[in-house]
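Notes follow once the structure below has been shown.
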Amino acid sequence: MRMGRLAPGFLLAMLAATVAKYCIAQVPARLPGELAWTIGYDPKTFDPAKVDDIDSETVRYLTAGVLLRFNRLTQKLEPRLAESWNLSPDGRTITFKLRGGLRFSDGAALTARDAAWSIQRVLLPAAGAPVAEEFVAPASVHVDAPNSQTVVVRLPQRVAGIGKVFDEIAIEPANRPSEGHVTSGPFYVAEYQRSQFVRLRRNPYYGERDGSGAALPRASGVLLDIVENPEERIRLFSRGESDLIDQLSSEYYEMLRQKAPGSVRDLGPSLNTEQIWFNQAPASPLPAWEEAWFRNQSFRVAVSQAIQRDDLVRLVYLGHATPAYSFISPANADWYNRRLAAPHSDLAAAQDGLRRAGFRMEGTHLLDAAGHPVKFSILTNAGNDARLKMATLIQQDLAAVGMQVNVVTLDFPALIERLMHTQDYEACLLGLENVDVDPNEMMNIWLSSSPNHQWNPAEKTPATAWEAEIDKEMNLQATSQKDAVRKQAVDRVQQIVTDEEPFIYLVYPNVLAAISPRLAGAQPAVIEPELWWNVEDLRLRRTR
Amino acid sequence: MLIGLFRSVARAFALMLLVMIGATLLVRLAPGYLSDAREMDARYGNTVRAELAQEDAQSRSLTQMLAREMGGWLRGNAGVSRQFGVPVGQLIRPRLVVTGALLLRSLLLGWALALSAALVSSTRRKSGVVWQAPSTLLLAIPTAAMATLCLLAGSGGPVMVMAMLIAARDFKFLYRILRQAWLEPHLLHARAQGIPMRRLLAVHLAPSIASQLGALAGLSMVIALSALVPVEVLLDVPGLGQLAWNAAMNRDLPVLLAVTLLMALAVTASGILSGQTGAWERA
Amino acid sequence: MRIRLLPVWLLVALALGASAIVSRPGASYARQDREHPLAGASLTHPAGADALGRDRLVRVSAALLLSLAGALAASALTTAAAAGIGAWAAFAVPGVAWLMMLVCDVFLALPWLFLLMMVRSALPLRASPAHSAVITFLVLAALGWPACARAVYRGALGLKRADWMMQARASGMRGKQLIRQVLPNLLPLLLPQFLVCVPAFVIAEANLGALGLGIGEPLPSWGGMLLELDNSALLFRTQWVYFPVVLLILVLLLLEAILVEA
C-alpha cells in the first residue's frame, strides 16, 4: 500500500531526470580539427568596419585579412597581405606593396583596388567605423592604388604608431562587403546561431605558410560558443569542449591549478590597471569642502599611502597581481619608468601628511580644518567581485586614518551616467584595459580637454599647472619623431601622475589563462588577444 | 459567455496598455538610460557619444517616446533593438520557442511532483515537518545557487531547477488546501464509509479544491516567470529571460518592452485560464 | 504541550545566541583578520573566516539578526497588504475587484528592477548601509504583495460562497463584521505565503546588491552569503560557505513548525 502510493513520486522523479538530461544547454558538436573556445555575448556585427565591442572584435581578428599584423609577442609589426611597407620620412605617406597571387576565401583575386576600397570604406563618416578615429583627421586621408600591387595612403599630418592601425582594417572584396562571409584572413564566418555559437571555417585560399612549409591556418576552423556564465565556461573547459579560457579570475585559476595543474598559466602583470580616483570636476554637485579635499594633493597622497596594496594583491588576487603606482605596467618594457619615485604604503606618513594639510583627528574620526568629518563614498561597478573586495579592504585601510568610507556598487549604465554626465560621485574604483603598449593610445585619458579625462572631464583650460604640463608632454610624445624624446616625455608624465595622484593606482592584475594540453602552438602574450593572437599556428594534438 | 470573453479581451488590452506605459516610463527614467559603458573606452567613446546624442534628441519628451513605441506596436512593429540594431522580432522569435518549451515542461513536471507529493503527504495523520523539509530546503536555496550546483554536479538542467522551484512552492500551497479539504465533513464521511481512494479523489476531493487550483495555476506561472531570468542566465539557456536581463543591463527599451509584454500576456493568459476553470466549475 | 512550544524556544534561543555572539566584547563583523583569509574552524574563528578574514560566525549571527528581521518584517507587511487587498477585492462590488486584479497583474508584469535603480539613484551615495537596507526591505514589501493578493482573492471568493458566509450575510452581518469572520479563515492561505516570502526576500535583497541597493559592505547580508554558493571556486576552497544556507533552512523549518502549530 505504502509503496503503491509512493510509486508515482518515484516515477516522476525518474521522468524528471530523463527530461532534464535532454534539456541541458546543448553545445554544438565540434568538427574534426576544429578549435573551440567561448565568447561572452553575441557579436553585435560581423561587418569588420563597424566593430565596436569585444566579441565582434574577436570575430574580426580571426577572419580579417590585414596588410600588417602586430605580433603580440615581439610587439613588432609583421607583413601579412602586404609584402612590404614603407613610411615616408615626414611620416605622412605610407606605401604598401601587396604579395602576388592573393585570393579571397571565395577564390576571387585580391588586388590593390580591394585594399584601397577597404581602407577608404572605414574612413567614410557614413561607415561610423571607430578605427577611423585613429587617423586623427580621417576625412582628409587619401588612398590610391596606382597599380594592382601598390596601395598608397596619404595622411594630412603625422600620426604616432599609424602602422598598427592597419592591423585592425580588414581587406574585403571591393564593392561587395560580406559581413565576414568572404574574407582574406585565416578564417571566414560559416555559420551563426544567435546566442548559441559562431562557427568559422578555414579559408582555403589563405596564402600563408609556417616555417616548416605547412599551409596556414593549421586548424580546420574555430567554434566560438556564446557562454555568459563563467562557471559554464570552466565546465566546458574541464570537459574538453573548449580549448582555452582567457581573462581567468584568480579564484578559478587556483581551482584549475589544483584540478589540472598543467593547464593554467600566469603570464605576469598585464598592461591593465585598477585604480581609484576622486571627483575633481567643478560641475559636480558636491559640497565645496569635499571638492577642496579632493583637489588637495596631500589628501590624495595620504589616501594612496594608507592603502595596503600588498593586501589587495594577496587577498583579492590570491597573489596574481602586482602593486601599481603608475599607469604603465612593468609588462610594457619599453615605456615603463623604472626610476619612478612613488609614495609607498606608509600609514605614519599618511597621518603625518594629513596633519600637515590641516586635517585633525577627533577620536577615531578625521576632521578637516573647518571641522567637517571626512566621509565619502567609493563607487564601483556591481557584479565585479574583485573590485568589491578591494573597496572593502580600502574601506578598512582608510578607517585607520579616520576616514569613513561607504562602498556603493551600481550597475554599469547607472555608474557611467554618474561618471560621464552628472558627475555626481565622490570617488570611483574602476579598471582600465590597455590594448596597446604605445602610450599614445592613452592620449584621451591624459589630455585635460578630453571627455575621458576622468577626474575632471573636458576642461576648457587645464585646471592646474601639473595638468598643463601633462598636456604639453603628451602632445610632445605624440608629435616627436625621436624615440628618446617620446620616452622622456612619457617618463615625465608618469612621474607627475605618481606625485599628484589624480588616479591612485592599486594593482596590475596578472594575465591568467587556461590552455588545454591538447592545444599545440600557443604562445601566450600579455597583449590582447593574449592566447590566440597567433591563431594560424594553433592546432589540436592528435589524442592518444 | 460572449460578454465574459469580451471582458477578458478588454482586460487583456487594458493590461497591455498599462504595462507598456509603465515599462516605458520605468526604463526611460532609470539611471543610465543615456549612457553606455563604451563611453569610457577611448577607442569607441566618440562614436558612442554620437549615437547617444541622437537617442537623447529622440527621447527628450516622454509622451512623444510613448507615442512612438505604441504607434510602432499598433502597426505590428516592435522596433529595433538599441543594443544589437536588429528588429526585435528577429531577436525574440527563436528565443520564444526555447522559453516556451522550458516553461511548459517545468510547469507540467512541477505540478505533477507537487500534486503527488501533496496527495500522499496530506493523507498521513502525522506528517508536518518531515514532508515540509524538502520543499523548505528548495525554497531556501537561491535559484542562482541551485543552478550553479546543477552546473557543478553536471546533471540536472533548467527544467529540473524550474520544476523543483515550482513544485516546492506549489506543494506548500496544495498541502494546506488538501489538509483542509480532507477534514471537510463530507470527505470525512466518505472516507469513513470506505469509498476507494481513486473514487474519493475524483468525485469528492477534486471539485472541492478546483477553484483554488485555478489560483495555483496563476501563482505557478508567476513563480516560473520570476525564476526564468536567473535560471536562463546562469544555465545559459538562449531564451527570453537571458535576453530580458541583457536588455535591462543595457537599457534596451524596445527589447525589454517586447519581453515584458509577452510576460504580461502569459500572466493574463494564466489568469483567464484560472478564471475559466472557475467558471467551468460553477456551470 | 511543551513539545509544541519547542520550536518557539529554539528560535528564541537562536536569536539570543546570535545577539550574544554579536555583542560579545571584541566581536566585530567588519574587522578583517588579513592573515587568515578563508581560514577553517579554529579557536579564534569557530566557523572559519571569509575571503577577507572576517569571522564567519559573527557575520552569520549579525546577518541572522539583520536580514531575518528585515525579511520577516517585509513578509509580514506584504502578507498583510495582500490579505487586506485580496479580501477587500473579493467582498467589494465586482468593478472594484476587476480593477484590483488588473492592478495586480500590471504589478506582476512590470520590470520593477528599474524602479529599484531609481530608488538607488535617489538615495544619496553616502546613505549608511543600514539606512539603505531598511529602504530595500520596504521597497521589497511594497512590491511583493500582488502574487499573494491574487491567491488570497481566490480563496476569499471561495469563502464568500461558503454556506456559513451566506448565513452570516442573511442574518445581517455587514462590512467590517464580515471581514472579521473571513480573516481567520484566510490564515491557512496566508501562512504559506508568509513563509515563502521570507527566503524570497532574503535572496531578493542579495540580488539587489547588484544594483547597489540592499545591505552594503561591511554590514553582513545573509543573501550575500547565500549568493557565495554560486561560486564553485570558493566552494572548492572552503566548505563553510554552506553554513548560512543550513542555518536559513533551520530557521525556516522552525518558523514553519511554529506557524503550523499556531
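Chains: A, B and C, in written order; residue numbering restarts at 1 for each.
Just so it is clear, contacts are C-beta pairs under 8 Å (C-beta built on N, C-alpha and C of every residue); 3 or more make two chains touch, one makes a residue touch a chain.
Values in this document were obtained by computation on a predicted structure and should not be read as measured data.
Asks: By mean C-alpha coordinates, which chain is most distant from subunit A?
Replies: C
Asks: Count the C-beta pairs in contact for A-B and for A-C, then report the pair with the higher count.
Replies: So, comparing the two chain pairs, more contacts are at A-B.
Asks: Can you give the whole-Å distance between the Cα centres of subunit B and subunit C?
Replies: 21
Asks: Report the inter-centroid distance (CA atoms only) between subunit A and subunit B in whole Å.
Replies: Using C-alpha averages as centres, the distance is 38 Å.
Asks: How far is the middle of subunit A from the middle of subunit C, if each middle is the mean of its Cα atoms, in Å?
Replies: Going by mean C-alpha positions, subunit A sits 41 Å from subunit C.
Asks: Would you give the residues of subunit B that are in contact with at least 2 other chains, written as numbers and ranges?
Replies: Residues 30-32, 148, 151-152, 234.
Asks: Quick check on subunit C: which residues sit in contact with 2+ other chains?
Replies: Where subunit C meets two or more other chains at a single residue, that happens at 117, 120-121, 230-232.
Asks: Got the subunit A residues that touch at least 2 other chains?
Replies: 231, 410-411, 414
Asks: Help me check something: in the complex, which residues belonging to subunit B touch subunit A?
Replies: 30-40, 42-50, 83-85, 91, 94-95, 102, 105, 109, 112-113, 116-117, 120, 123, 148, 151-152, 154-160, 163, 233-238, 242-243, 246, 249-251
Asks: If you look only at subunit A, which of its residues touch subunit B in the complex?
Replies: 5-6, 8-9, 12-13, 15-17, 19-21, 23-25, 41-42, 44-45, 52-53, 128, 130, 133-134, 194-196, 226-229, 231-232, 235, 410-421, 430, 435, 441-445, 451-452
Asks: Could you pull out which subunit A residues touch subunit C in their complex?
Replies: Interface residues on subunit A, with respect to subunit C: 231, 234, 249, 251-252, 254-255, 258, 308, 311, 314-315, 375-377, 379, 382-383, 385, 388-389, 391-393, 395-396, 406-411, 414, 424-426.
Asks: Considering only the defined contacts, which subunit C positions touch subunit B in the complex?
Replies: 98, 101-102, 105-106, 108-115, 117-118, 120-121, 147, 150-151, 153-155, 157-158, 188-189, 191-192, 195-196, 199-200, 203, 206-207, 223, 226-227, 229-232, 235, 245, 248-249, 252-253, 256-257, 260
Asks: Okay, in this complex, where on subunit B does subunit C touch?
Replies: Answer in residue numbers: 7, 11, 14-15, 18-19, 22-23, 26-27, 29-32, 128-129, 132-133, 136-137, 139-145, 147-149, 151-152, 169, 172-173, 175-176, 179-180, 211-212, 214-216, 218-219, 222-223, 230, 234, 244, 248, 256, 260-261, 263-264, 267-268, 271, 274, 278.
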